[in-house]
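I have a structure here, written as structure tokens, and I will follow up with some questions on it.
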Amino acid sequence: MLNTIILITFGALSLSLVAGLIRLMIGPSLPDRVVALDLIAYILIAFIATYCVFTDTSDFIDAAIVVALIAFLGTTAFARYVLKAGQNSTDDKI
Amino acid sequence: MSEIFIAILLLSGSFFVVVAAIGVLRLPDLMMKMHASTKAGTLGAGLTLLAVSVAFDEISVLTRVIATILFLLLTAPIAAHLIARSAYYVGMDLWENTIIDELKNERAENNSATNGVTAEMNSKEESDAR
Amino acid sequence: MKLLLVNALLAFIWAAITGAVTLGNLLIGFLLGYIVLLVASPAIDDSGYTKRLWYGISFIFYFIKELFISSIRVAIDVMKPSFKMQSGIIGIPLDANTDLEKTLLANSISLTPGTLSLDYSKDGKTLYIHAMYVDNGDIEAVRTSIKEGMEKRILQITRTGAP
Amino acid sequence: MEPLLAIVIGVLVALSVYLLLRKNLVRVVIGVVILSNAVNLLIFTLGRLDRGIPPLIAAGEYVPTEAIANPLPQALVLTAIVIGFGLFAYALVLTYRAYTEMGTINVDDMRVAEPAYKGEELPETAVTEGEEK
Amino acid sequence: MNHIVLYPLLIPILTASIALIAFNNRRLQRWIGVIGSALLLVASSVLLYVVSTDGIQVVQPGNWEAPFGISMVADLFSALMVLVTGLKAFVVSVYALGDMDDERESFGYHPLYQILIFGVIGAFLTGDLFNLYVWFEVMLITSFVLLALGNKKSQLDGAVKYVVINLFSSLIFLSGVGIMYGITGTLNFAAMAEALQGTENTGLVVTASMMFLIAFGIKSAVFPLFFWLPASYHTPPITVTAIFGALLTKVGVYSLVRMFSLIFTQDIGYTHTILLWIAVPTMVVGVLGAASQYDTRKILSFHIVSQIGYMIMGLAFFTKIALAGVIYYILHNILAKTNLFLVAGIANKEVGSYHLSRLGGLYKTNPLLSSLFAISAISLAGLPPLTGFWAKYTVIYAGLEVQEWVVIGFALAVGLMTLFSMTKIWMGAYWSPLPDASRLASDPDFKPVSGNQKAALYIPVAIIALVIVVLGIFGEPFFAILFEAAEQLLDPSIYINAVLNP
Amino acid sequence: MKSVILQTATRLIFPLLLVFSIFMFFRGHNEPGGGFIGGLVGAAAFVLFAIAFGTKVTRELLRIDPRIMVGWGLLFALLSGFISMWAGDAFFTGQWVFPVLFGNELHIGTPLIFDIGVYLVVVGFTLAVIFALEEETN
Amino acid sequence: MTILFSVLLIFGAAFIGPMAAKYFRNVSGWVLALFPLTVFVYLLSYIPLVSGGEVFRESYTWVSYLGINLSFYLDGFSLMFALIVSGVGTFIMIYGGGYLGADPKLPRFYFSILLFMGSMLGVVLADNIIALFIFWELTSISSYLLIGYKHEKEESRKSALQALLITGSGGLVLLAGLILLGMMAGTMEISEMLSDPAVLADHPWYLGMLICILIGAFTKSAQFPFHFWLPGAMAAPTPVSAYLHSATMVKAGIYLLARLSPVISGTVEWTYIVTITGAITMLISAWLALAHTDLKKLLAYSTVMALGTLTMLLGMGHEYAVKAVAVFILGHSLYKGALFMVAGTIDHEAGTRDVTQLGGLRKLMPFTATFGCIAALSMAGIAPLLGFIGKELVYEAALSAAIFPMFFIFAAVAANVAVVATSAIVVLKPFFGEFKETPKKVHEAPVSMWIGPAFLSVLSILFGVLPFMIDGTLITKAAASIAGTPELVVSLSLWHGINAALILSVLTLLSGIGVFFLWDNFRSSKVMQGYDRVLGVAPKNGYEHTLNGILSFASAQTRFFQNGYLRYYLLTLITFFVVLTGYTIVAKTDMAMMLDFSDIMFYEWILAGVIITAAFAAVFASSGLVAIAALGVVGYSISLVYVLFSAPDLAITQVLVETLTVILVALVLVHIPKFQGYTAPSSKIRDGIIAAGAGLVVTLVMLAVLTLDFDPYMSEYFAENSYVVAYGRNIVNVILVDFRALDTFGEIVVLGVAGVGVYGLIKFGRKLHAKEGTNV
């Protein structure tokens, strides 16, 4: 029974991943894509967690912790980019 | 017994993740996508993590799961805040049903200096050479 | 003194994540925490930080419930074929005044039903949020629900707990 | 899973090669990153794959009590990831610096070290840049 | 415990680490660098001595037996390469005292230099394929940094091409490593060679060997993979060019020789024929490139390519004498090429240019420099009785022995063109009068070389010139080592036994 | 990026990341983690701090030039090898001591010193790069 | 004292020479002449022994592994040559000291000429053919320095280069020829080849070897069509020409042919090629001389004529021919050395060498004139000088030629007619007739400049009148060596009775005098001008065109390959990779592929799809940031792959690195604008095809490798020892910090350097711009 549930979970997570990917690809704006990336980080955590249950191995949980801690740094960087690029846009660049 | 718990946690967790994903895919503007992603995403990930702690029933796993959830709760809103704030200031289009914008003065101030990027952020077809 | 508390807290976190709450491990954690503080102490705002962290943590659990509610509402809306809600960006005048209070508030708002913190006003007295559901166009209702719901709770917790 | 990954890797290689052939140096660098990922996967895959048995020795045991995944490729890939990251960081900043100095990220326009011969101009008269006193 | 194999490796990295910590003290860094290089020279000499008297030396860092740990192996070929690296490292580090500017020093020139040497020596000594990859990367990143250090436009332009192409190359290398591991289950050269001895899957191994051919071919700048070299080598300060130009490509050649003598010997008729096909255009295109240049650094850079062709040619012949010739060629080329770059650097300091149209008069004003150039140039051009002649003689002899007439015909013609380009520099910079002599007088930045700087610049060049002359005239003991080295290369069982059955 | 929210949160997350980094570092020998992962998490802590507060403050916090940190890291890693040499073993041969602390037998050996070197280099590298780029941006 | 020492003595002198120039100033030439003189005298002491039939061999191991010894061989022929080299060399030192006395470059002259002399001595004395070759090449190098002595002048530099390239190219071919010879003969020692001649003519390599050696010899000895470099080399100062082009360098080719002729001659190929080349050279160049008025050019072409004669004789190879060679070599060295010195003296004193500008100098420089005339008489082949005997022998040889005797007789006579005229021109024009004003006021030259001509011309008379002085000793043994028949005896005399040769000589003399008187008109005639253009100038132009052609080809091909476009560099590289690896796998393997997709979970398919799709998104993204966001997805997905296949450490590392990558790119892209401009669609298709090829190759190789059984014995060892010996439960980490710590060490070095490098890239630029006051 649990195995089926887990497979359903995997299916749901995979679909979510695809949805996130679609958003990432169609954008249209950069922040839209960043949100998609952020979402994918959550999916990743959920996926890893489910996989721990699936394989009865808890060693992957650390990977989930790292994603939780680190992924937002990437988002922060993007946010900064969005802002900085805005501020710099009056520089006379090519 | 615990299997049922695990099943419920997994199903509900993946449900919220799916919700977040659909939200990101379907909702009309950036702000609203972020509502979906941040809340449902955090919740979904958190629930599946809890499933792990139930499945293993070890203190070391439990503490790590809790730590992960704490980290998520700490970081998710900040990420959302930063993205929303940045996108807003460079002129992100809001949904047509947005009935009020009390921050628009500051945004306009900021915007006068960021025309170029505004266009870039909103353009549907940004392209440079490949 | 406050740093000592922080140090103890770090030792506890160490024990928690290593998964072995033994005396030895706590001592190692304390030692490590001390080293971390040595490095990090200039980073830590020395104003009642430690106690508030405790409140913060307990506060987070409160929000898990809120998180559920908000997520379910989003879930329902997301499934609907078309979107009928109205949204808006609304300024909330603040009673909260310390950085911690404000941040707690902002983050809580971001994690709860249909609201997302955007920015503070320049004087730091107003928090602008994006609200997904401005039901019936009633902006004041949103404002009130935040002030009465979220902010009040936070201030209750932080200020009651403060020395 | 190995054959599927072989195909994925092939596609990644193809895509990265395509990027390497672009004019935009940023894209070229991204191509290097993708290629680097593909090669890491290649090593990992050719070390043969196993699901759910990380190469860890359980507490209290001296040797793994059950089958474990092949640890060596993991160590190799880890080293390769790190090295690749260091090289990537350098290449990226080089791209940036090349842009600020030469005013372009179009590799076709980067002709300082190898100036184009203009018409019939003899190479003898093309005094090179970069001489030091 | 026999540590001698590791000393040449540990000395430069220890030097570099200390220099890194002394980041803010340029003077200290300088002397740390020179002392480190001097120690390296001593250690590498001792290593060659030990290897030539006691046979192949193997050390297993971490004390994990081969093939499980990484083997560090010094056979004669490696030890010779290490020694010439040590010599070169020392000489160039002295030269740098007179050439390197304060600014570059303060951005880490000295530790970087030591790390580059560290990487090169690691590549020569390792007996493990993945470890070789690591050494290549150490060299690569260090060369990136040294190449661009200074941020001149031309440097950056050159560096872009250098970096991208070399990154591509190391990724092919890494894929090859993965594939070889996938085939043999090991990374140790000796174990791999042993595993492949009875393999039925020759075709797949040959396919993998092509990846190494390309990866190392790019590093050693063979046709049609050499473009990065002339695109970049003329851009950094001459000390850096000298380190690169003479040494780095040779690591590629070293690796080709190692792989295609120890591991990829299943289908010599195929692999070594391809090597030969690559060798000829490499020689020709390189030398023609040199003939078309007027900047001394570019001339010399193209020559690197051309000369690599000779080495690959020797490898392709794959006889004992040919391999002895290849080793000789590599060693000779490192010395002669280093010196020519260093001399070009002095010429630039003396008359302010690298370009033949702005150089001149050095024969009249600077007989010492002229002789030093002449020695190196004659050697490079393969004229007797200096090292270049013996190198060329040996590979040509080998080629005639295996009756590769056409190839030898090309090799000879290329020899003539090499001579031509050397005379071009000689005539342009030494014989022809200095054009526009007033330019220097009116240039406020121009400072004639004098005093300590003069010593720092000339002594290293003189040392190498002396080595070239002495090796050329008294070659017998040297050839004894070369032939033994070639014997070791031709009989992989010597290497395999030394590593796997110590 | 001046955001009060980010800065306040960073004050919280920064020590957490540091603790987590040390945690990942120490357990690396027995469970996923190690010098590289630990170092990257540690560096991430400083990166976050630099993003929130700027590099000037962060450099002061770090107190040591990242490049010099790299030098120390290399030296530490080398030291582990030299200890083996002094002990008469091949370079990098693990040398172990087994002190008993509160009833636990600890394994302390040169590979740990080596891993400290890895940790320092990783932090030094990441920060050298990020700080320099950050300063370029501001 | 040994032979080696005599060679080393001269080389040693080369290094002393420059010092001597400074120390002894005006008499330095005299002092340095003592070195060759010593050698000369020493070699003289061998004459009795060599005449008695002895040969001397001296050998020192040089590079035994290559069969190369520093060995010397002294028999009649090499002794004769060595005596010429050292004897003429003695006078050249004296003459050079006088001629260049005031020149600041005199020290370099001494160095180069003595280096040359030592090398030449080495060539003629060497026994080992590779040792010989080494000395041979040294003559090329030193003559390059000598010809380019007046290097400030572009013409000198060009001539020097021309000489070097011609002789150098020949030298390279020669090297191949000598190696082949050594392989065929089984020895590198000439003496061994001579004493135990292997039959080489039937060897399949014979013709190739022969042609290689002949090209070497012909280029060195200025045989047609390589003859043009020698007159060009007259840009050298006269002492150099006097030495190199009379007695020494150009004769090296002759020496080599003669030396090896017992070993390699005697075949039809040899006879035809060598004889005809020599005859053509002889004939053409003898008449080319008459197109010039420059004394040195006149002498130069007559030298080429002499070289052609010698070559022709060597090709014939019969008894008369070898005798003629021996005598002619000696005779020519004596008179040509003297005449070059005389020509130099005239130039030195009068400031011009143009015979039409000179006249009546005999009174002003009586010694020079006298010795010049004697030498010219010998050159013209007038009795009783040695030149006469030589010419008689040439005619005798031509008369008994095995092939085309009439042609050779005609050629010899016709060439000698021109030589007679040339001899007359070079002395009669300057010394006789009306006195003409010259750029400089003429005085008799100092003794240093006429003592050489004096000795050499006197010897021409002496040997002519008293041929027994040489014939029983040197000439006989020399000729015997060339013929390879020790029993050969040469007996020379002025008078052989009235025979065909004598009649031809008289005919030659008369015709030659006739040509001399017609010369002024004849020289400027269209026929002569055209002749010079076709046979004198055209080969030189041919050389120049070839050189320029090669250079423009070089330039074009370099522009083609090294075109400065990174994209094309990469395109070439990748195409090469695809073709080579692709071809190999198709041609060399049975294309067995592992294609079992059965065990794949559905989410793994999806994950693979996500990776590919995200990668496509990264590739075709509209901006760098979008690409990097997509790249982030690729990275995260790959980390999931690592999770799925049991690699937690990898997964964590991948996530960390991916995130830092994103941060770095964001930090950098802030500064970089969007990039305008598009690649043409056609090249996109091309790139796409190549890219697909690369991907396909990698996949095919992987699938092939996956068919093999994998032996995980390494990993088993790690698993067994990880905790027990290395006290770690995380095997991957133990590999990293213990089993393969060296890799990890290298890895952190890479990181450290990258950190230092990035810092330098950013900050160095800052400093630079701050200094220049510019902004980025």
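Each chain carries a letter (A, B, C, D, E, F and G) given by its place in the written order, and its residues are counted from 1.
Keep in mind that, in the parts below, contacts are C-beta pairs under 8 Å (C-beta built on N, C-alpha and C of every residue); 3 or more make two chains touch, one makes a residue touch a chain.
Predicted, not measured: the structure shown is a model, and the values here were computed from it.
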**Closest chain to the centre of mass proxy, which here is the mean CA position** = E
**Request:** Please identify which chain has its centre, taken as the mean of its CA atoms, farthest from the centre of chain G.
**Result:** C
**Result of counting contacting C-beta pairs for B-F and A-B, higher pair** = A-B
**Message:** Centroid from C-alpha atoms only, then distance chain E to chain G, rounded to Å. What do you get?
**Reply:** 25
**Item:** Averaged-CA centre spacing for the pair chain G and chain B, given as whole angstrom
**Value:** 76
**Complete:** Per the C-alpha means, the centres of chain B and chain E lie apart by a whole-Å value of 54
**Request:** Starting from the mean Cα coordinates of chain C and chain D, work out the distance between those two points in Å.
**Result:** 41
**Fill in**
The positions of chain B in contact with two or more other chains are 15, 22, 34, 38, 42, 44, 58, 60-61, 64, 67, 71, 74-76, 78, 80-82, 85, 89, 120, 126, 128-130
**Shared-contact residues (touching 2 or more other chains) in chain E** = 13, 20, 61-62, 108, 111, 130, 134, 137, 141, 144-145, 148, 151, 160-161, 164, 168, 175, 179, 182, 230-231, 292-293
**Prompt:** Residues of chain G that touch two or more other chains: which are they?
**Reply:** 555, 559, 562, 564, 566, 570, 574, 619, 623-624, 626, 644, 648-649, 652-653, 656-657, 659-660, 663-664, 667-671, 675, 677, 679, 698, 702, 705-706, 710, 712, 714, 718, 729-730, 736, 738-744, 747, 749-759, 761-763, 765
**Fill in**
The residues of chain E that touch chain F in their complex are 1, 3, 6, 10, 13-14, 16-21, 23, 59-63, 108, 111
**Item:** chain F-facing residues of chain B, complex
**Value:** 71, 74-75, 78, 81-82, 85
**Message:** Please output the residues of chain D touching chain F within their complex, sorted ascending.
**Reply:** 54, 56, 59, 78, 82, 86, 89, 93, 96
**Request:** Would you mind writing out the residues of chain B in touch with chain A in their complex?
**Result:** 3, 6-7, 10-11, 13-15, 17-18, 20-22, 24-25, 30, 33-34, 37-38, 41-42, 44-45, 48-49, 51-52, 55-56, 58, 60-61, 64-65, 67-69, 71-72, 75-76, 78-80, 82-83, 85-87, 89-92, 110, 113-118, 120-124, 126
**Fill in**
chain C partner, complex, touching residues on chain B are 15-16, 19, 22-23, 26-29, 31-32, 34-36, 38-40, 42-44, 46, 58-61, 63-64, 66-67, 70, 73-74, 76-78, 80-81, 84-85, 88-89, 94-95, 97-104, 106
